[in-house]
Amino acid sequence: MPLYWVLRYTSGSGQADTESEEYDTHMQRMVDISDKGETVRIAVASGRIRLKEDTVAKLKNKEIKKGDALACAEVAAILAVKNTPDVIPMCHPVSIDAVEVEPSIEEGGVRVAVTVKSVGKTGVEMDALYGLSVALLTIWDMVKSEEKDETGNYPHTCIEEIMVEKKEKQLLMTETDIHP
Amino acid sequence: MPLYWVLRYTSGSGQADTESEEYDTHMQRMVDISDKGETVRIAVASGRIRLKEDTVAKLKNKEIKKGDALACAEVAAILAVKNTPDVIPMCHPVSIDAVEVEPSIEEGGVRVAVTVKSVGKTGVEMDALYGLSVALLTIWDMVKSEEKDETGNYPHTCIEEIMVEKKEKQLLMTETDIHP
Amino acid sequence: MPLYWVLRYTSGSGQADTESEEYDTHMQRMVDISDKGETVRIAVASGRIRLKEDTVAKLKNKEIKKGDALACAEVAAILAVKNTPDVIPMCHPVSIDAVEVEPSIEEGGVRVAVTVKSVGKTGVEMDALYGLSVALLTIWDMVKSEEKDETGNYPHTCIEEIMVEKKEKQLLMTETDIHP
Amino acid sequence: MPLYWVLRYTSGSGQADTESEEYDTHMQRMVDISDKGETVRIAVASGRIRLKEDTVAKLKNKEIKKGDALACAEVAAILAVKNTPDVIPMCHPVSIDAVEVEPSIEEGGVRVAVTVKSVGKTGVEMDALYGLSVALLTIWDMVKSEEKDETGNYPHTCIEEIMVEKKEKQLLMTETDIHP
Amino acid sequence: MPLYWVLRYTSGSGQADTESEEYDTHMQRMVDISDKGETVRIAVASGRIRLKEDTVAKLKNKEIKKGDALACAEVAAILAVKNTPDVIPMCHPVSIDAVEVEPSIEEGGVRVAVTVKSVGKTGVEMDALYGLSVALLTIWDMVKSEEKDETGNYPHTCIEEIMVEKKEKQLLMTETDIHP
Amino acid sequence: MPLYWVLRYTSGSGQADTESEEYDTHMQRMVDISDKGETVRIAVASGRIRLKEDTVAKLKNKEIKKGDALACAEVAAILAVKNTPDVIPMCHPVSIDAVEVEPSIEEGGVRVAVTVKSVGKTGVEMDALYGLSVALLTIWDMVKSEEKDETGNYPHTCIEEIMVEKKEKQLLMTETDIHP
């Protein structure tokens, strides 16, 4: 029974609005986390963008015309992590206590790992995955002119292997616990 | 006396900046809630949009050209609730722990109820009211071509009866309280 | 036939992905306005918030504790108008060339009219309606402590009569047309 | 030579600020598109999320607990497309004239195609790619409890094959061209 | 006479709402630019942040703990420029066709110049000034631990000399004009 | 050693990805505050905008054409404070418990002080500085037509003396502590 009707009943309004029942919706819902305790939560997401060897070489030598692609991706990803619940509809807003974005140039592309740490009631894997996606898209955007063919298409470029590498809960230890 | 001057005095800067006093402003202010304790807070807001009978029938039969109007309104409203303090200037940012958007087709329109649950220092009625407004406006937007007359105007469409149905505070009980 | 499949066919990829067809979605869609010409478009939306007589008197005398409620509502509404397509999912981004927010204190409440002017391909009634809703909600937020009863509820406060007053298209005349 | 110094010289300030030259930055830059003509631009991006067979079956039968995952992904993606230049740092703001999000359930996952149409000075492939990424992440978020193992991790879930399927420029034809 | 009343009269509703006239507001207003022609507009804003000599040396040697402060400031400023009308209430949304952020380390601090280029109906000096402010604040944030004294205060740090260096209008020349 | 690698080691994946090490990045990073305790934090930032004497007189007499500049600046600044971590890349999201914006007209300009109060793990000086910057820029925008010379330039206008006036930590005392 949806939360609204429960509230209606518990406050004694008793009589259901029968007309509204005929609409059987697969209702969207942000699940209730209000009774959950707070713990330290860490999530690491990683993925990669496949690039032309020539582009990879230019990235290594910092020869990309639009600027430092990896620095730009790091900043974009950190800003994105903090905006996850504004973009992914059912995500809860959480405190973001630390973010790290670690791009590494490898053969045939760039791999990025995003680590998010939070003290809160729900996991942060969506926040890490969203930051990671923005990092990879920003790299794509920065190397567009290197990756395009003569028709403006990208026959080679591809984002892939986006996964959650690790998710952990830890006991919350504040400064007061450590130095009482 | 405004907060800033209080701080000035308590830190002993003593001498008031007399020139600034001649501007008697009805100053905007986000009231101070820093000394309030945290409780569970629930608010339910409801309201309705008046539509043509023909549009109501199309909504029931999912024949709206732009897509599933009620599903779209639910998603838009949930995203909106999380953004309330970015839109309503003096609203405090609060944790949003649960949102439910419940549209119900009734005679002559659609009624929507939005329930917001938070653990925090201040009520969430503005958040519920804002989510509700966005839900109703999204429905309007989705049925625009059904509601417009030949001049592009809306002689019939109207949003009304936007009220706070219920506001409650509850004792905060976390998992640890329940299963110690 | 959806836009994507049309593109597939016109570019000769011929073979439909048969598996995907079994999902019959009431797909959301932002309708295509790319072939529409640009005209001047004006929309006026109006609505009102019902308030206690006492609150209305305080608004007239600028005695609201949180600050100048109507000035705050004007600013919030103008900012909101510019954000409409970020909130109402299927709204198109349009150029916003002028906005005016006109609150008027009347018996038993405040009436607000929002006028939006744009040069573009699609009407701006949703932008005016959204700005109006934010203006009325901001007024509510500014007079919360005046309107609340002892349980924190709002038995009297209500937003109503939100309508599109007028929508017009005009021929576009730029400075160059007028002073050639 | 950066734009700023060019402007300095053309306006005759002649004397360079020599001290500033010692910082050799790989400067970020939003490339100049002001002299480009406007054309109709279309981009289609597609990609997929790999899911457990069980989750795929629940998606088909609309048995996902959090709501209609695909409708939610469509709405999230359309909102995201309109926000691309707020997220991808060097992207230009463009008019978004049409968006379509087409999820299709297939063996072992969901494939999504996002089509963006714009009349403007620069391509919209980043906008389509960003909308697509948000659609796939929203599906992941909606099926989290179906995909998680007992440790809260996602050994199976993966986003992959994110590519630009097609990018096209077309001659701009407005209503006035077609019906003069 | 405000725009709304003009519209009322021209559409013949004749009878003024007399009650509303008693509220004499200094109404906020986004001025009407709908009849202005489009030209190329350029604005350059510059300003500086005063820093400790030690911090300046660390910036030069890229030894700031939080990361590359100037690259971060460039990205933040470019994103900010695109958001100006969401932050400065009466600013019009404009097309942003090029942005360049040029930090230069000088004696006793960092000077930043931001150049914005737009094709549109109104100047972009506010957009350049806002981008500049965000660049300088980002530098401050990146060197916080270097600038703070032992009480966490900043006796030395100061942002100053924020000015519009140059504002220009140019004739609009598109590719079609140049290569007909 | 970056957070990500630490996590890799502690979870025993042992083998480092050697290829990624050749990229020596000055990595951006949002520092980890998860183990900090919560205290009341207050920051006051102040600064001024230099204006023509004529403009200052018009501000005093509320004769600015675009509306009440100081009221508009107050609202813009309060909204901005709440958005600081969306704009300044490495800022942590914090609870904003009170904001006050205090403009004072003085000789040759307007001085603004912004006070931010938060209960949290990290200081709020960047939030106060950002709100202050937005207040000063909004004043500039409101008096543009008063300050411009005949070429559209601003030879006189300048934002300066942006400093952190005070930063304090206080013991957290909630209602429950005071009235047990």
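When the chains are written out, they are named A, B, C, D, E and F in that same order, and each has its own residue count from 1.
The rule is short, and it goes like this: a residue touches a chain if its C-beta (ideal position, glycine included) is under 8 Å from a C-beta of that chain, and two chains touch if they have at least 3 such contacts.
Note that this is a predicted model, so its numbers are computed, not measured.
Novice: What chains touch chain D and also chain F?
Specialist: For chain D paired with chain F, the chains in contact with each are A, B, C, E, in label order.
Novice: So what's the Cα centroid distance for chain D and chain E, whole Å?
Specialist: Here chain D and chain E have centroids separated by 25 Å.
Novice: When the C-alpha atoms of chain B and chain D are each averaged to a single point, how far apart are the two points in Å?
Specialist: Centre separation, chain B to chain D: 29 Å.
Novice: What parts of chain F, by residue number, touch at least two of the other chains?
Specialist: Residues 26-29, 31, 67-68, 71-72, 74-76, 79, 83, 89-90, 166.
Novice: Work through the pairs of chains, note which ones touch, and then classify the graph as line, ring, star, complete or other.
Specialist: Basically it's none of the tidy shapes, so other.
Novice: Every touching chain pair, please?
Specialist: Chains touch in the following pairs: A-B, A-D, A-E, A-F, B-C, B-D, B-F, C-D, C-E, C-F, D-E, E-F.
Novice: Which bits of chain B are touching chain F when the two form their complex?
Specialist: 2-4, 7, 11, 17, 19-23, 25-37, 85-86, 89-90, 92-93, 121
Novice: Sort out for me which residues of chain B touch chain A in the complex.
Specialist: 40, 42, 44, 60, 70-71, 74-75, 78-79, 82-83, 95-107, 111, 113, 115, 117-119, 166, 168, 173-176, 178
Novice: Which chain A residues qualify as touching chain E in the complex?
Specialist: Listed in rising order, the residues are 67-68, 71-72, 74-76, 79.
Novice: Which stretch or stretches of chain C touch chain B in the complex?
Specialist: 26-29, 31, 47, 62, 64, 66-68, 71-72, 75-76, 79-80, 83, 87-91, 123, 125-126, 129-130, 133-134, 137-138, 140-142, 144, 151-154, 157-164, 166-167, 169
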